[in-house]
Every structure is written in structure tokens, then in C-alpha cells.
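Notes follow once the structure below has been shown.
Chain lettering (A, B, C, D, E, F, G and H) follows the sequence in which the chains are written, and residue indices restart at 1 in each chain.
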Amino acid sequence: MGEKVFMQGNAAMAESAIRADCKFFFGYPITPSSEVPEYYARAAKERPEENIVFVQGETEVAVFNMIAGTAATGKRVMTATSGPGFSLGQEAMSFMSAAGLPAVVVEVMRSGPADGEILAAQGDYFQAVKGGGHGDYRVLVLAPYSIQEMCELMQECFDLAEKYRNPVILLTDSLLAKMREAVELPGRKTSRVDQRDWTLTGCAGREHHVLTTCGDGAAQWEAFNLNLQEKYAKIKANEVRWQSYQVEDADIVLVAYGSMARVAEGAMKMAREEGLKVGLIRPISLWPFPEKAFQGLAGKKFLVTELSAGQMVEDVKLSVDRKEDVRFFGRLGGVVPSPKDILAEIRKLEVK
Amino acid sequence: MGEKVFMQGNAAMAESAIRADCKFFFGYPITPSSEVPEYYARAAKERPEENIVFVQGETEVAVFNMIAGTAATGKRVMTATSGPGFSLGQEAMSFMSAAGLPAVVVEVMRSGPADGEILAAQGDYFQAVKGGGHGDYRVLVLAPYSIQEMCELMQECFDLAEKYRNPVILLTDSLLAKMREAVELPGRKTSRVDQRDWTLTGCAGREHHVLTTCGDGAAQWEAFNLNLQEKYAKIKANEVRWQSYQVEDADIVLVAYGSMARVAEGAMKMAREEGLKVGLIRPISLWPFPEKAFQGLAGKKFLVTELSAGQMVEDVKLSVDRKEDVRFFGRLGGVVPSPKDILAEIRKLEVK
Amino acid sequence: MKTIYKRPESFTDAVTSYCGGCGHGIVNKLMAELLDEMGLREKTILVWPIGCSVYADKYFKADAICALHGRAPALATGIKRSLPDRFVLVYQGDGDMVSEGMSEIMHAAVRGENFSVVFINNAIYGMTGGQMAPTTLWGQTTSTSPYGREKSSSGYPVNMAEIMAQMPGVCYSERVTVNSPQRIAATKKALKKAFSYQFEEKGLSFVEVLSPCPTGWSQKPVKALEWLEQKMIPIFPLGVFKDMKEGEGK
Amino acid sequence: MKTIYKRPESFTDAVTSYCGGCGHGIVNKLMAELLDEMGLREKTILVWPIGCSVYADKYFKADAICALHGRAPALATGIKRSLPDRFVLVYQGDGDMVSEGMSEIMHAAVRGENFSVVFINNAIYGMTGGQMAPTTLWGQTTSTSPYGREKSSSGYPVNMAEIMAQMPGVCYSERVTVNSPQRIAATKKALKKAFSYQFEEKGLSFVEVLSPCPTGWSQKPVKALEWLEQKMIPIFPLGVFKDMKEGEGK
Amino acid sequence: MNRTEIEFERCKECGYCVEFCPKEVLAFGDKVNKRGYYPPAPVKQEACIACGICARVCPEGAIEVYKEV
Amino acid sequence: MNRTEIEFERCKECGYCVEFCPKEVLAFGDKVNKRGYYPPAPVKQEACIACGICARVCPEGAIEVYKEV
Amino acid sequence: MKHELLFSGIGGQGIMLLGEILCNVVIEKGYQVSFAPFYGQEKRGGRTMCNVVIADGMESPIISEAELMLVMDERSLKDYEHLVAPGGTLLLNSSMIELEPQRRDIKVVKVPFYEIAADLGNAKASNMVALGYVLRYLPFVDREAVEKEVAKTFSAKAALVELNVKAVKTGYEYEEQV
Amino acid sequence: MKHELLFSGIGGQGIMLLGEILCNVVIEKGYQVSFAPFYGQEKRGGRTMCNVVIADGMESPIISEAELMLVMDERSLKDYEHLVAPGGTLLLNSSMIELEPQRRDIKVVKVPFYEIAADLGNAKASNMVALGYVLRYLPFVDREAVEKEVAKTFSAKAALVELNVKAVKTGYEYEEQV
């Protein structure tokens, strides 16, 4: 194990991205994600040998198109934002998925709707996972639950984006992004997927490349869409990630992602100490959703806990055997329940 | 029955809205919805006695905030757009639902993702129904299947918006919006819900009113959110709409909305003529989704047909007894299957 | 006893959420004084931005709405078109107006919307923790220009009062500041003129206020007033850039 | 036989999707000629807009991307920052640039992005069926101003070349047109200058082309050229509004 | 003789070449192309001075001009 | 005597009133308010000419000034 | 009763107008009519096609198969030939279409709509010639009513009224040269 | 081992810094530490609170109950008092808090942090006084290491180093006047 540093989530993501060869950052400040652009702004000046480019864009609408531009040249690029800014980026998310542009978006959820609160929430699940933009498009969504995992997934985002020529979202929240903990920073990534067969770099010595998402009649556009669907199917088949904890003997299986999974794990431990048979499924890829994690668990009860009014719970219901076995517990407005609060919910279920 | 006129869907919506006392229209041109602003632009000049205000905004981002502004003054107001423009309006959708602003949005779906094709599609279902914006918010979504119904629902949108102080989406597509058919235009609506207890009109003779969606701590913001959830729960309890056709004896129940329901109905007739026991459930309110329509139908097979890669199908699976009974058939890119094409799919199911 | 200065009637009792010495507070107070003096409170609709003034709706006894970041002019367009005889006052920060909301303010000017706009230029993003604004000066350090804003990557500070003056839909554009008692008085005069033009239906009236942000600038308030004088005013000269004469309005 | 005019090498064989007599075609052809003559084709990245030129990527043998509506300058920023030595050419219509993309073009100018922008001003939305643009003239009928654009509700036509000239990040701004052989030649000269400034790293170079839209204007092509002369030029005067001297660039 | 070649299928009948030709070399024809347009053609090729104006004004790049040398 | 009233809980210790008072009537105090600030207070009330400057520069609207008449 | 028709051509040929005029007339008779247009992104010269369904009650506006199909250009022929009902009729604008249809189970009729219209003085009236021709296959449509509707449509200009009404007539009465 | 702590106050009081310094020191010992800050939208004068968890392995960063809670103002007291673990300790900044806690099952300790700091020459060092005082309850934290960390934090200005290190010491050694 390398040396550990005590680092804030946002800073750790930025550093990991730089080490993953992401030298381009375009962003617009918004709490609780602003430390990511701030980190890049510093690095761009303090580490001249790395040729880091940082641009503060004028709006999120512009920023999401800027990352599309850099991605189109084959360079690794990302932005970081939060709910309101992410909403403004939705047209471009649809565009990037369609055009095959491998940009990475860090979305640090705060409590919506509207301007809301800058505290932790998970109310942008639908937006990220179902796609807040228009049309049949999909975006990979990864959700870490510790700063260590945040660093690793941050790097993986770039690999996946390149592998599938698709944008990838790292979905986290105010709690994890603003939190500090000890982390062993991941190493530098050097191997890259060769993108030269499609990128825009000037057509010297080759046929010219064109990137467009404008349909030219239903037949052409259906074929284009079927191609996209094929890409999405491949991702769905290959990129499902999750972690299960003590589910085999469990009567009650908690389901949670991101910071809530961290709290739920605490609750699980407390419950086990009390002799309650509680397990945990922690989806890491939210799209594709780890339906497989729920196979062979018929008869168990599921308690989905989210910092929302209930969004992932729909995907859980679509994954389990009997949707009637799924219960939900959520808090809103930036309130994060403690392990003890979740334990109380578990007890309520036990009683029934 | 009054006189029938042969009218285009977009024009019929505009006329119905004007008759529903919606005298304010802000819009940005986008095919296939542009005839709605064009109709308002003409009416504003040709019917001076109606005091119609038409403004072409600079972007959809601006337009969605303009309608929020007029809604805040208690006047009926709407816009019309299509996928890319709707994506840009998502931040404001979240805002309007949170702030309790009863504006109406006509969303005429075309085939995405990205700029895509201007032909009919239903790929913006997730965006409209799950909410493309950030945070836990909900918007009523109504989907007509004929121009006649379009007119009636258009008017109902305004009533619902006012009743719940929430934006309402009329979700339709290029096929219905561009199509012409005979329609009996609905009459004028005059009764309105009194909005004076919250609207911004200058505080003469009363306490001043404030509309804000900025949280002030987790406790306050959770309370705010719980209030919203209560509103949504009320809508969910009261405003479910659908139509069922010959489902009782059916072996196979088609599920479709909007223009696809029209085609599916044609397929159902063809199937019945062949002696196949086929029914149809046509959700009219997409949010709240008519889960009740699926009660008591255990054992039947469901064929969901959409002009998408499969979006509403998730809500159908969440509504039926056994999600394994649900099959999907969709076309993409602007291709609309004919009744005959759907019949072919029905036959495939029958064979199994 | 004669009252020389009393807290304006249009103010509520709420304590602001501004930092000590923030220019927002001074300008808010002038606005409240004018609502009192011009008898506007009961016909006013205030449109607040996201930014440090996000809670300003709590300070005024007047109808108000808090717009999404950058969108105040669009929201105000919807309001004013619906209620043309009400007094609509739009308030924006530099991040809000010049960055996120450039399109909305430009097009309110293009259309000549008949409302008044107060623009607080403090050369930084206050609320989000001191990031660079389009009005940040060259060399000014902010959290996203930690070694000073550079022309090569971030371009040029934007002079909004001059840009607005050049738009035909704008009837009045002045830049003022609040770093001395005299300047505060001048700011009040500018605001008063801008407000009154709305009743003459002249189009968009615009007042840019150079405003101290002690927190964002990491300076003690009194020092911040000096910095404003020495650094900001040379780049953002004070003055009237447009004042449409009688009868020239829409 | 000596070749007086041959179809440019940088063109593909595709037939355009423009209407007969559309100015887009003329300007596209000039661009192709310049890519040939200046030897730029292989280092070019073209950024096309949504609008009638949406399929222009099919006409050029050069790397190209079609931006979302209004966002071409932002997309181009991402490209040029990544590949500063490539020739990045942004092409926009008036709906695209002046309405939907006002913020993006203004901020590309604020930052002084080092690329060239060709702006086709045809005073209307072509692709979507003839709606009003911010550059539509007063009194001009369009499908959203069916009785002519009115100052009171839609404001003032926007003079982009003048606005751009005033932004410090812009090195060159000229307005030209293509309604006669001479004017077409002048347009080519302007484009050439704008393109060459990019290699001098002077910042954003901007050419506004007044361009006929016979379909949108419901006029026969030759008539459209006259209308352009009589109606458009008085509102949008031709000329060089800025030309930064040697060494003045970034 | 100088040569003015109009690519039949590329033309969209705008008439610019006809309008601006200083020598009235071109005139509209009566044959329709696949897109439904009736392209012009040289009717007085002998008058052509190979100034290239028709080619330069053609929005479609449908004209090529060659000078006899 | 003229009166300068500083609302203790509203003050945020910016010092503008102290800085701009032409007669040095005000000076910082050593009591902390609920928000953690140490507001100034009149230390030479008798010197106050009731010009109102302190009130006008106060960003918090925390000062009221009354003139003895 | 249920009739499914399809008309297709290039933007600028006036195919949509043809369909709309037809629908306007039919609707007067109390039928339920739907007119569903489809076109591409280009303003001129792009694809343009419509489905027309005439029936007693509400039906799918998307046709399953066309009893009558009119195609004005080659791309339309390629795209839609498969939608002609077995035994149905395919009208080809032989002025612009050289390709031969593939189907053997349908009736193919070739008419030089452009030339007919050009003979009348303006090739642009070819859509009205086609409208007239189409009426032969739709006995339930009142020809006079169609002519009245055409006159109304072009009422802004007398010369156009005359030309287009004549075009309809000519189309209806046109004798194929076999 | 698992310790759950909570520190809360007003923006500008330096509560976050207190928490971070503590964490920086503890982490050196190889503990798994999480520092989770919460604050409101205002830059100054708003709420500011942090959860600190010190444990052997990864734990929830959100505490279930605080064995030690420090509150610097009245609003914090109202908001968080219920989170003190039964038998846990609640440290109150008596310089700013007049309210009485409601709980009877916890230990309440009142310390006038502002006055102590003011006596040292600058009331703004009250957070470091509090840090020193907090250390009494965390025997596993090395006081010297904390002082070193404080010195590092303020290393830009010698006067500040001295003041703040002294503040920590003073806080640690402060004798309550009962």
C-alpha cells in the first residue's frame, strides 16, 4: 500500500482524473462540486509539465459542449457539476451519447428540486440513470461509496468512456464530495484505446472524419439508432458492477448506493450485532443496473434506502422476483439518516 | 355536436389553449412544434380583443423561465417545444414544480437522440415522465391519441396546472401534431381557480408574496420537500387517466399511448377480425401512470408498443402482476409501424 | 428629535445573510429607501438572482421571486409582459448576469423590455466561494484563477454598462459604486432615474454598481473599498453611458 | 483550354440540400475555394450549426462536426483548446448565433478564442420554416411575425458585426454580402483575411455575410438579391468594423 | 471557343448565372432534372468571354468555365 | 444631544460607520453578538453632528440617527 | 368503408397540397379523414409524403397498405412501392421516373404529369394534374367539389385559379397513350 | 474502536478548521478517519457543522450519536442536542450560549471559549481554545502532534502560530470556575 493522504472527495477525484491522463477540464462553479475545477485551475499552473488545460466556461450549457469538442479530438476530458447545472447539460448528454463522444461528467448531487440546498441528496438518480435528455440514449453511471473507491471509479470512467465511445457519469453527492478521508491515490494510467479512426484532428493522410447526429430520413436514422442500441446492449452485458454483503443468510437485504450505502453498511453492522439477519446490496454501476445482484434472493425482504423520495427503488422492483417484497426508506432536503435511523426502519420491518 | 373543422394538431392545440383562457405564449421555433407559436403569433394580431401576448424567446432556457414568470402572476401561459428544446428547459421544469408555477408545456416528440430526425417518436417518455431535471419533482403528463382528444386534454392541462400549482406537460409527437383531422373545437373555459393567495401582482392591500426555491437548512428544506411530495401524492391519487378496450376476454393486451395507441387500436381491430382475442390499454395520464388499469388482469400477456427502444414498458412492468408477462415492440428513428406490423408481432406472441 | 435616518419601511426585520461590509447590503438598503420614497412598494415585483443575494426576498416587504441562476431577465419578461403597469425590478450579480445569464440580459436589451436592472459587479462569485467572474480583473486571484486571471486563457473583463449602452432597447445605462458616502448618494440618484424611466416606458434601464466583496477578495471591508477604488474603477470607469432623452423611448 | 473556374477540390460530389439561390451555397463554395487555395483542407476542423447548413458536413472533404443548435462556438472552444495548431472554422446562422447561441458567441469573444467564425445573416430562420430571427427587419413578415416584426414586442434587429467589433477578444470583424459578383469577390477576401488571422493567433476573427434566403423571404432568387440590397444593407451596413493591427493580437 | 459547362443534375434553377452573365450566354432550358428543376444552358456559347462570373455566382458549384487558348 | 443608535444584533463589524464618521463618534466595542461580531458603539456621542453618514454607509441598516431639535 | 392512400414526391412538387385539398373535400361528406404528412429536414427538394385515410370512424392514420399510391419521383418509388396493397394501384409520374417497379401483384399506371402540366402552360401545376388523375380512382369524391376547393386555394390570383382548375380537369380526363 | 464526534457553530468561527486539524493528527496514527462537513448557503454567519468518525476500519461518516459534541452557538445547540449519546459529553461555548440544554442523560460542560481567547489577545482564536479543550476527552490523540499541526496550519504568520498554539494549550489546561 502506498502512502495515504487525507483528502477531500472533490480534490481526490480531480487528482485521480489527472493521473488517468485527463488533462482537459471545462467547468462552471457550483456547490458542492467547485473544488474539482479549483483543483484543476491550480494544477494547470503548478504542474506546467503536464500540459493541463483548465477553462471556466460561461454556462453549463456551454461547458457540456466544450467537453464534447475536446472529446471529439480524442483527448480525455471532463467536467464536474451539480443538479441545476447537470439539468442544463442534458441536451449535450443526449448529443454526446449519440455522437459517440467519450467525455466524463462528475455529478455531485445536492438536494433539489430547483436551486434547493447544497446538502447531500440522491434525487438526481432518474436524471442520470434514465437520462434527463431527449431520445433513446444511455449513459454509464458509476456511484462510489468511499473516497478510495471514488478515485478508482474516476479512472475507470475514462476507460469505459473510451471503450464504448460514450459519456460516463460519476454520480456522487455532497456528503462524499465534501468529505475528507484517508485515501491511497491511484497510479497513472497510460494505456489508452486508440481513437484515431474517428477523431477530428485534420484529415492529413487519411479520409476525412465527420461527426453528426442529424438524421437523414427514417430509414437512415433508425439504422443509426439501432447501432446505438447495440452499443448500449454491449455495455449492459459487460459493465454491471455491484457489491453484496452477507446476503445469503439475510432475511432483510438493504439496497443502497453511494454515501447511503456507507450509512447502510453501518446499519447492517449494528443490526447483525443485535442478531438481526441483515445484508446489503450496493449497486456500483447504476446504469447498467445490476439486476443480477438480485437473482436467487426470492423470499427475502428488501429495504431500499435513498436520499430521495424513491427513485432507484423502481429499478430494484424491476430486478427482484416479487416487487411486493420491496420497501423504501428515504430522507429529503439534505437530511442524511444515521445508521441508527436505518436500524429503526429495519426493526419496523422485522416486527411485521 | 358543433361544426367540425379539418385542422392540424398543432393549430388545434393552440386554438384550444386560447379558448382555455391561455392568452400568453412564449416559444422558440422547433420542428415539429412551430405551428403552435405561429398560430399564437397570428392570433395576437388578428384577435386584438382577446389581448393575446406572443413572445418569441431567444432560447428554450429563456422561454421556460418566461412562462414561469407569467405563471407567477396568475395568468395562464404555455410554450411548445420538441426534444432538444425540452432538454434545455429541464432546469426550469424542476424549478416550476418546486415553486408551484402552473405553466403548461406542449412537448411534441421527434426522433432523438441529439438533433435527430423531425419524424414521430416517443423517446422522450423518460424525460417527461421520470423528469429530466434534477431533484425529487413531478410533472403531470397527458398524452392524447387523436386531435379531438388533444384539444380536450389541452384545456384540461390548464385546469390541472392551476388545481395543483404544478406544471403540466401535454406529450405528443410529430405524427399527431402535424396530422390533420376533423375536430370539433372545444368551447371557451371561463371558470378559473382563484390564484390570488399566492401570485405576484404587487402587494397592495395584502401581505407581500414571495416565491423561492432556495433551501435554508436541511430541516426547512426537508419540510419543503415533504410538502411537495404531498402535492404529488394527491395528484397520484386523483388524476390517473386511461382507456381500456376489450381487455376482459383478451389473451393479449396491447399497451400503447399517443399516436401508437391509435395504430395499436387499428391492429387490435384487425386481430379481432382474425378471431384473436386482443385488447388494448391506453394510458392517457403518463404521470401519474395508470397502474390501476392493470389490476385484475393476471394471466394475460401484455405487448407494449412504443416508438422508442422501450421506456413506458418499465412502468408497465411495475404495474402488472408478473413482469415476465410483458413483451415489447418498438420502432426507432421516425419509423411508425402500421397496424399490420403490430398484428405481425401479435401473431408471433400467439405462436409461442 | 428629528429623524435623520431610519431603517426603511420597505425592509422587514430580517438580518441579512451578507458578510460584514458587503456592497449588496448597501444597495439593498438604497432600493428599500427608494421603494419608500417613490411609493413603489405595493406595485413592485422584485426578481432576485441566485448568488449572495439569494435570500434578499426575506428582507423586503414586497412581492418577490427568486429566479434560477442567470435567468432573472427572462423570468422578469414573463412577469412584465403579464403586468405591464407593475414596477418590475431585476437584480443580478456578475456571475449571474455576465456569465450564466449573458444571453438573457442581452435579449432583454434586444427586446427593450421595460424593466429596471440593478447589476452588482463585485468582480467575483461570492456565494459559491470566490471563483472567477467574467468581470474579474487581469491578475486578480480567485479560486479558479489561483495565480491571477490571464488574458490568454480567460480573456477580457466584460464591461456590461458599455455593452448595454450600445443596445438600442436600453434607455439608460450608468456605472456607479458605493465605496464612499458620496458615491452611495450618487448610486441612489442613478437608481432613482432608472426606476422612473420604467414608468415612462422607455425600455430597459440599467445600473451597474461596483460593489465590495470583502470575503471573496480576502480583504477587510475598509480595505476592500480602497481596492475597489484603485483596481476596479480604472477598468470599469464610472459614468453615464446612455441616457435616452424625452420621447426617445419605445 | 485554360480552366477559368473549376469545382473546388475540397468539395465532395454531394449535391447540397439548399434551396435554389441560397446564399449558404455561395459561401460554402468560397470556403472550399479558400481551403484549396490556402492549403488548409488537411488541417481543418469545420464546426457546422443546426440550420439549413446542417448537412454541409457532407459537402466538404474535411474533418467536421455538427454542433447542437447555437453551441458551435463552445464546441469549437473544446476543439481549439485541444488542438491549437489546427484550423478551426465555425459556421453559424442568425437563429443559431444571435438567438440560441448569443451566450456562446459572446463568450468566445470574451475569451478571445483563436478561431474564425462565418456568420450567415439571412434575417430569418430558414430550416424551421421562416420564423423571425433577431436579425429580422422591422416590418419583415415571417411565420412568427406574420404582420411584420414590431419594435414594441420584438425589439431591435441585432447588429452582430458591430457588437463583435467592440469585444476586446475579437481581432477582426467585417460585414459583407454575396448579392453580386463583385460582392462575392469581396466576401472571399474578407474570409481569407479572417482565416489567416487565426494563424497569427490574433483571437477571434468574424465575418458576417448578408445572405439571401429566397424560400424564407418567399421571393424568386434574383429578386431576393435586390431585396437584400434595398432592405438589409441599410440596417446592416457593409464594412470593416475592426481590424487589429500587427502585434495587437493575444 | 470558350466553354461553359453546367452540371445538369446539380442545378437548382436560381437564375444567378443567367442574370449575371454579361454576355447573355445562358438561358433557361425546358428539361427537368431529377430534383424537379429546369437548369439553364448556354444558348450563345460563342459570345462567352470566359469571365467565369456564372461559375462564381452559382451557389451549387454547378458551373465550370474553360477558356480557349 | 444627537443620537446614533446601532442595533447590536444586526451589526456585522464592517467598520464603515467608524471609518466614515467625520467626527470619530464611533469606535469598536468588546461585546460579541449572537452572530459572533463585535459591533461598534458611540464613544463620543456629544461630538455627533447628526450628518447621518454612518447610517447611510451601514450595509445592514443597523443604524438610526436622530437630531436634537 | 376505409380507404388508405399514399402520395409521395419531392418538396416543392405540391404533393401535400394535393392531399390536403382532397381531404378538405372528402371531409365535407362527413367521412372521418386523417391526413398524415411526412417530410425531411430540407426546406426544398427533400422527401415529402402523406398518408391519407378515409373511413367511417376513427382509424389508424398510418396505413397498413395503400389501395392507391401516387409517386412523383424515383426515390419515393424505391421507398414506398412495398406498401401498395396487393391488387392496388401505383400511379407513376413518368416525367421523372425511369425506374421500373418491382412488384407484379399491383396495377402500375404511368402518367407524364410534368409534360401534361407543361402543355397547359406551367409544369408546376403537375400536382393538380395528378390530383385530377387520382380522382378517377376515388368515385366517392365529388369532382366538382374538388375543383371548387382548388379555385378557393388559389383564389389570390385569377390566372392561377384558371390554370389549376384546368389542370385538375385535364388530369381527370387524360387519355393514356398506350 | 470507534469514536463519533460532532462540532458545530457559525461560519467564521473556525469550527471546520478545528475538525480538520484534529483529523490530520489522528490519521497519522493509522486510524480510519472521516471528516464530513455541512454548511449552509451563506458564506459567513451561516450554519457550519462537522461529523468526525475515528475508527479502525471504514465506517459510516454520518454518526448515530456523538460521544462528544462541541456547540459554539445557540442554534447549533437546538439543532443537535438530541444527537449526543446517552452519557456523552456536550461542550457549550458559554460566551455565546445562554440557553440551557434539555437533556438530563448527558454531561454538560460550559466553557467561555471567547473570553478565554480574548484574554489571550484575540477572540478569533476561540476555535483553538476549543480544540485544546476537546483534547481532554480524546486521550488517544497526541497533544503535541496537535500543537505541531496547528503551528503548520498558521505557519504563514509567526504571530498567529504563537497565539494559536497558546490557545490550544490554554484550552487544554483551562480550569473551570465552578
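We take it that a contact is a pair of C-beta atoms (placed from the backbone, for glycine too) under 8 Å apart; a residue touches a chain by one contact, two chains touch by 3 or more.
These figures come from a predicted structure and were not determined experimentally.
**Q** Starting at chain E, figure out the least number of steps needed to reach chain H through touching chains.
**A** Step count on the best path from chain E to chain H: 3.
**Q** When you check each chain against chain D and chain F, which touch both of them?
**A** C
**Q** Can you compute the centre-to-centre distance for chain A and chain H, using the mean CA position of each chain? Integer Å is fine.
**A** That pair's centroid distance is 34 Å.
**Q** Taking the mean of the C-alpha atoms as each chain's centre, how many Å separate chain A from chain B?
**A** Those two chain centres are 29 Å apart.
**Q** Based only on mean CA positions, could you tell me how far chain A sits from chain C in angstrom?
**A** 38
**Q** At least two partner chains per residue is the criterion; list those residues in chain B.
**A** 31, 53, 55, 58-59, 61, 84, 91, 95, 99, 114-115, 117-119, 213-219, in rising order.
**Q** Going by the contact rule already set, what residues in chain F reach two or more other chains?
**A** Answer for chain F, listing residues that touch two or more other chains: 12, 35.
**Q** Please set out, as single numbers or ranges, the residues of chain C touching at least two other chains.
**A** 19-20, 50, 54-55, 66, 68, 99, 102-103, 106-107, 110-111, 127, 129, 134, 153-154 - these are the residues of chain C that touch more than one other chain.
**Q** Could you please write down every pair of chains that are in touch?
**A** Applying the touch rule to all chain pairs gives A-B, A-C, A-D, A-G, A-H, B-C, B-D, B-G, B-H, C-D, C-F, C-H, D-E, D-G, E-G, F-H.
**Q** Which bits of chain B are touching chain G when the two form their complex?
**A** 4, 6, 31, 117-119, 146, 175, 178-182, 259, 262-263, 265-267, 270, 336-341
**Q** Mind pulling up the chain A residues that touch chain B in the complex?
**A** 61, 82-84, 86-88, 90-91, 94-95, 97-99, 109, 111-119, 121, 123-124, 126-127, 130-137, 213-226, 228-229, 232, 308-309, 311, 314, 317-318, 323, 331-335
**Q** If you look only at chain D, which of its residues touch chain G in the complex?
**A** Interface residues on the chain D side: 17, 19-20, 52, 54-55, 126-127, 129, 215-216.
**Q** Could you please specify the touching residues of chain D with respect to chain B in the complex?
**A** 50, 54, 66, 68-70, 95, 99-100, 102, 125, 127-129, 131-132, 134, 143-147, 153-154
**Q** Flag every residue of chain D that touches chain A in the complex, lowest number first.
**A** So the residues of chain D touching chain A come out as 41-45, 47-48, 50, 54-55, 57-58, 60-68, 71, 74-83, 86-87, 103-104, 106-107, 110-111.
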